[in-house]
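First chain A sits with chain B, and in the next complex the same chain sits with chain C.
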Partner chain A sequence: MSFVLVQVIVGGLLLGAVYALFSSGLTLVWGMMNIVNFAHGDFVMLGMYVAYVVYTLMGGGPLLGAPLATLVLATLGVVVYFALIRDIMKGPMLAQILGTFGLALLLRYSVFWWFGANFLSMPQNIVGGTFAVAGLRIEASRLLAGVVALLVTLGLHLLLTRTSLGSRMLAVAEDATAAQLMGIRPDTMQAIAWAIAAGATGLAGALIANFFYIVPTVGETLGIVAFVTVSLGGFGSVPGALVAGLLIGVIESLSGYLIGAIYKDIIVYVLFLFFLWFRPQGLMGKM
Partner chain B sequence: MTLKHVSGLLCAAAMSFGLASGAQAQDKVVKIGAILPMSGGTASIGAHAKAALEVAMDIINNAHPELGNLPLAKNAGLAGLGGARIEVVFADNQGNPATGQNQALRLITEDKVAAVFGSYQSGVTLTSSAIAEKYGIPFLNSESVAANLTERGFKWFFRTTPIATDFAKIYTDFLADMKATGAKTDAIALVHDNTEYGTSVANTISTAFKDKGQPIALDVAYPVNATDVQGQVLQLKDKKPDVIIMISYTSDAILFAKTMQSLDYKPAILLADDAGYSDPSFIKAVGKISQGVFNRSSWAVGPSGSPSAIIADMYKKKSGEEMDDTVGRQMQGFFVLADAIDRAGSTDPAKIQAALKATDLKPEQLMMGYKGVKFDDKGQNVLASGLIIQLQDGENYVSVWPKANAEKAPTLPYRGW
Partner chain C sequence: MRRLVWLSVVAAIAIAYPLLLSSPFQQRLGALVLLYAIAASAWNIVGGYAGQVSVGHVVFFGCGAYAAMGSYAKFGLSPLFGIPGGIVLAVALAAIIGVPTLRLSGHYFSMATIAVAETMRLIVTNTEWLGAAVGLSGPTVPRNVFDLSFLSSLPYYYLFLAVLAITLLVTWWMTNSRMGFYLRAIKDSERAARSLGAPASRTKLYAYMLSAALTSVAGALYAMMFGFVDPESGLGILISVKILIMAALGGAGLLFGPLVGAAILVPLEEISNSWLGGKGAGLTFVVYGAIIVVIARFQPGGLLSLFTGRRKPGADKGAGHAP
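For the complex of A and B:
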């Protein structure tokens, strides 16, 4: 195997880990309450802007930007849940789609109005460098994002399967009325789910900001990838999103390098549709 | 809808102002529709263009004797229409050809604009100008470079900017000069997106080099607004071309710069075809890691106190940005259109069309470094021209070629970061 090919695969894996990272919040919200959050890409975008503001105004690097973005977005997640989601959940599917889509536009154009349409970029910081391992070039910021993606996926998985909070959340997801009869407040559980999902998304944004450009419309570019990752991985499955993200990352990189970049989306989507034909619930989703 | 309300309010405000001050000329307004990318991936371009057109409106609608020979600057309003004011109705094309087409239809049928101006992306200009052609409304394009736009036999389409064929010639001549000074320019790679702009400009450049007996060695196409370009950069790193010509909008241009740094790849010569590389936010975001990139331009700020320097200053006050080639070409195109309406002395489309056809502006009447403005039968400005600039310090472009217009000598190889 040629050396460049190894670099392509490593790049693809790191890219895939990032895809997985920003998809985990979307899959969690779906798993918990069957809502597709169309504002998801714009949550990523907000996380990027929080990181940027932290860096430029307070001089704090990703070590400060990442936790702050998590906190800000988690708070926003709770606010969004009580102000919007709680009510539209009771409505028809169309209300959910339009509600979160409206939220996406609101967030996007608020940032537009405040920051303007210019492209921003994080200045060089402690994770800005690149190091070479056996001749392979690995970007520190992507590696950090990749490691955090693994940790977040693992953390969310443990939370849902090993803790009592996780059990209560899953109970609400299974049957909210029954859970309520057992003394679990669905409202609280779902608000917590939104806080975790939005927080993870904010964290993803803050880490992606280290190697991607920042612009109010970046959510459009990244959002689509999140939807594909989540549907391939299985709606609601956090580990599924990780595996799917890595798969998509590697397939994109390989086909982009070997066949040509304008064909890579065709290849990804053909494989995607072909796969869903055999397994419509996704890699790890439940029927 | 909102835009319509706002413009309605503006009209009402303008009218009441006219009544209150008793000045009859004040309430005469000539509406021009401007279709620009105000949202989507190139929204920064739309925001800059809006500021530029607002400065242009200020220059036309108010007296600016300090701007010398620039047509319409000296007195307030359009003298040919009794001092009427120009008003721009802005429309968002979202960077989308279908939206651009709808907006053209709306501007023409609902806002009843006298002429249409736009639409930045060649692909959007292609569709929106077809609507203007159908309705017989003059369409002035100032910045789309796809050669085929003026090859459609349109009667209402006029373009002031130099186009892909002009620049392809500049690139071949420039690289021949560089080769004469000892640089290696044998293997050329084209990197371009899959939009109308990317594919048509790549074709034109590739043909120009082929005609010179030097076929393009590598063609790297990628989908616009890419999430990742590692594969493409590695492809380049693998094939090691001597020269890379980049044909990209801002988002992808930034991503390429970042990815080239992270994968530690520098070609000896990196030559950009305007677009993203002229966006001030590109320079702010990744200028420092793109030192030595060549670009094309028709804009030079000129000595302080000169009309171009004064306009650059006005623009900076309005937008907070430095003037760049793209907004410069847009303002210039807008002045050409306003000048034609002024000479037409009417908002009748046929009269404006005739005035545009009769346009003959001299270099001293322009803010851009064109040799003049004069349209051929196809509506293309035959006197448009440009030069090569270089981002030597990572902060400001300086003109480096041809020698007669150069502020500094070109430096090789590409430094990057």
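For the complex of A and C:
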């Protein structure tokens, strides 16, 4: 295998870990409440802008930007849950789609209106340049994003499967009424799920802000990436999202390198349709 | 009887409007309202009546728009040929998209339609033959009346009014036919409808194809009026969103819902654009977003359902859930 190819694959894996991180938020909410957040990609976009504002206003790097973006987005998640989701969950299907789609427009164009449509970016060396590992050249910002995203996604999986909070959330996902009879408040659990899901997007956004282009419409592309990841990994499965996220990162990088940068999105979308067609339950889904 | 009186009043207003309010801005506004009402009414067939929320309807709009401009730019024909051409393209595409995706219910269908629309936009943007990012233009100087290139908006207004009337008639006829009956049953509960012998997949597909055909006509008319089409104006996701919001605001699944939605949102957008200039584009969509969030939260049946008293929130919790 050629050396460049290895480089491309490693780059894809690092980006894929970030895809996995924000997609696990989408899959969590979807699996728990059977609601699809069409604003999910725009949450990631907001995380990027929070990191950008932290840098431009306070000169803070990812050490400050990432926790702050996580916090801001987690708060937004809770607000969105109580103000919108709790009610539209019980409503007709059209209301669910419209509600989160409207939210997406609201967020995307508020940012557009405030910051304009220009592509913004962070300074190149904000996380300390590029270094070589075994002959591979790796940007520090990408390595940081990939490693942190991987660890947090694994942590999220452990939280859901190994802790009492996780068990209570899964109980609500299984049967909200039965959980309520056992003394678990579905409202609180679902709000926590929204906080985690949105917090994950905030962190992911802050991490990729260091090397990605920052533009209000980036959420549209990232949202579709999250859908692809979740449908590939199985709705509601965090490990599924992790495997699928890494896979999509690699497929995207490889098709960008082998076929051409403009086709990498097309390849991912077509893959998505292909999967919806042949295996709507995903790679590891259990439906 | 009361309905007939109302209908004639609305028709009379629609016919008299561009003569009473005759400034170019007002006539153009009227034409745009009708144009979007056509597209939103077409969406309503599949999104409102069949309960399949397509977020990628712009692909059919694009079929019509590109067929109209393509028949001039590529073959030197009148853009009018884009109407039948667009319909053929759109119906074929609807069958290709619909057969696999209509099996998926609810959210899955919506996501699949977004992905199809974005894929088409990216492909066309990179296709030199279709003008790539620049798009295709219509006749700059009309050769004859069949080029449908007028300076005034008045001819467009009446053309669009006629097409809207046809669209609404087709929709009305459909809802009263066996197909409309099936669609209502499917929307309430697809499983129940299937078990009682309603051919659910086939009916949804027919509704989707009919909706696609009418949407492509709207696209062709749009391109004729503006004289050009590019990937953003013909295949951009925001067109889908506008169409969908208009129908939902007025009342999805109600015959006149889309017209009401268009009559509110199109003036809102045009006025905010002319007041705020370039900055307005962003703000308009902020307002659009806020409107749909509020509608979804408080009045999911749309504004018209306030008057009809039907479809209270939660009343038709069918359609959704896993495939």
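Everything below uses one rule, namely that the second predicted complex is superposed on the first by the 258 of 287 C-alpha atoms of A that agree within 3 Å, B and C clash if a C-alpha of one lies under 4 Å from a C-alpha of the other, contacts with A are read in each partner's own complex, and residues count from 1 in each chain.
In this text, a contact is a pair of C-beta atoms (placed from the backbone, for glycine too) under 8 Å apart; a residue touches a chain by one contact, two chains touch by 3 or more.
Note that the coordinates shown come from a computational prediction; the quantities given were computed from them, not determined experimentally.
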Chain B versus chain C as contact partner of A:Phe211, first or second or both or neither: first
First (chain B), second (chain C), both or neither touched by A:Asn34: second
Chain A residues touched by each partner, larger count belonging to chain B or chain C: C
Partner chain(s) touched by A:Met93 [first = chain B, second = chain C, both, neither]: second
Touched partner set for A:Phe272, first chain B, second chain C, both or neither: second
Partner chain(s) touched by A:Phe227 [first = chain B, second = chain C, both, neither]: second
Touching partner for A:Phe112 - first (chain B), second (chain C), both, neither: both
First (chain B), second (chain C), both or neither touched by A:Ser121: first
First, second, both or neither for A:Phe82, with chain B first and chain C second: neither
Touched partner set for A:Ala261, first chain B, second chain C, both or neither: first
Chain C-contacting residues of chain A that also contact chain B: 109, 112, 117, 220, 262, 265
Touch list for chain A against partner chain C, complex: 34, 36, 38, 83-84, 87-88, 90-99, 101-110, 112-113, 117, 220, 224, 227-228, 231, 235, 262-263, 265-266, 269-270, 272-273, 276-277, 280, 287
Touching residues (chain side chain B, partner chain A) in the complex: 38-41, 43-44, 46-47, 194, 220-223, 225-232, 234-235, 237-238, 250-251, 254-255, 258, 261-264, 279-282, 284-286
List of chain C residues in touch with chain A within their complex: 47, 51, 53, 55, 100-101, 104, 106-108, 110-112, 114-116, 118-119, 122-123, 126, 237, 241, 244-245, 248, 252, 279, 282-286, 288-297, 300, 313-323
List of chain A residues in touch with chain B within their complex: 4, 7-8, 11-12, 15, 109, 112, 116-121, 130, 137, 139, 142, 211-213, 215-217, 220-222, 225, 252-254, 256-257, 260-262, 264-265
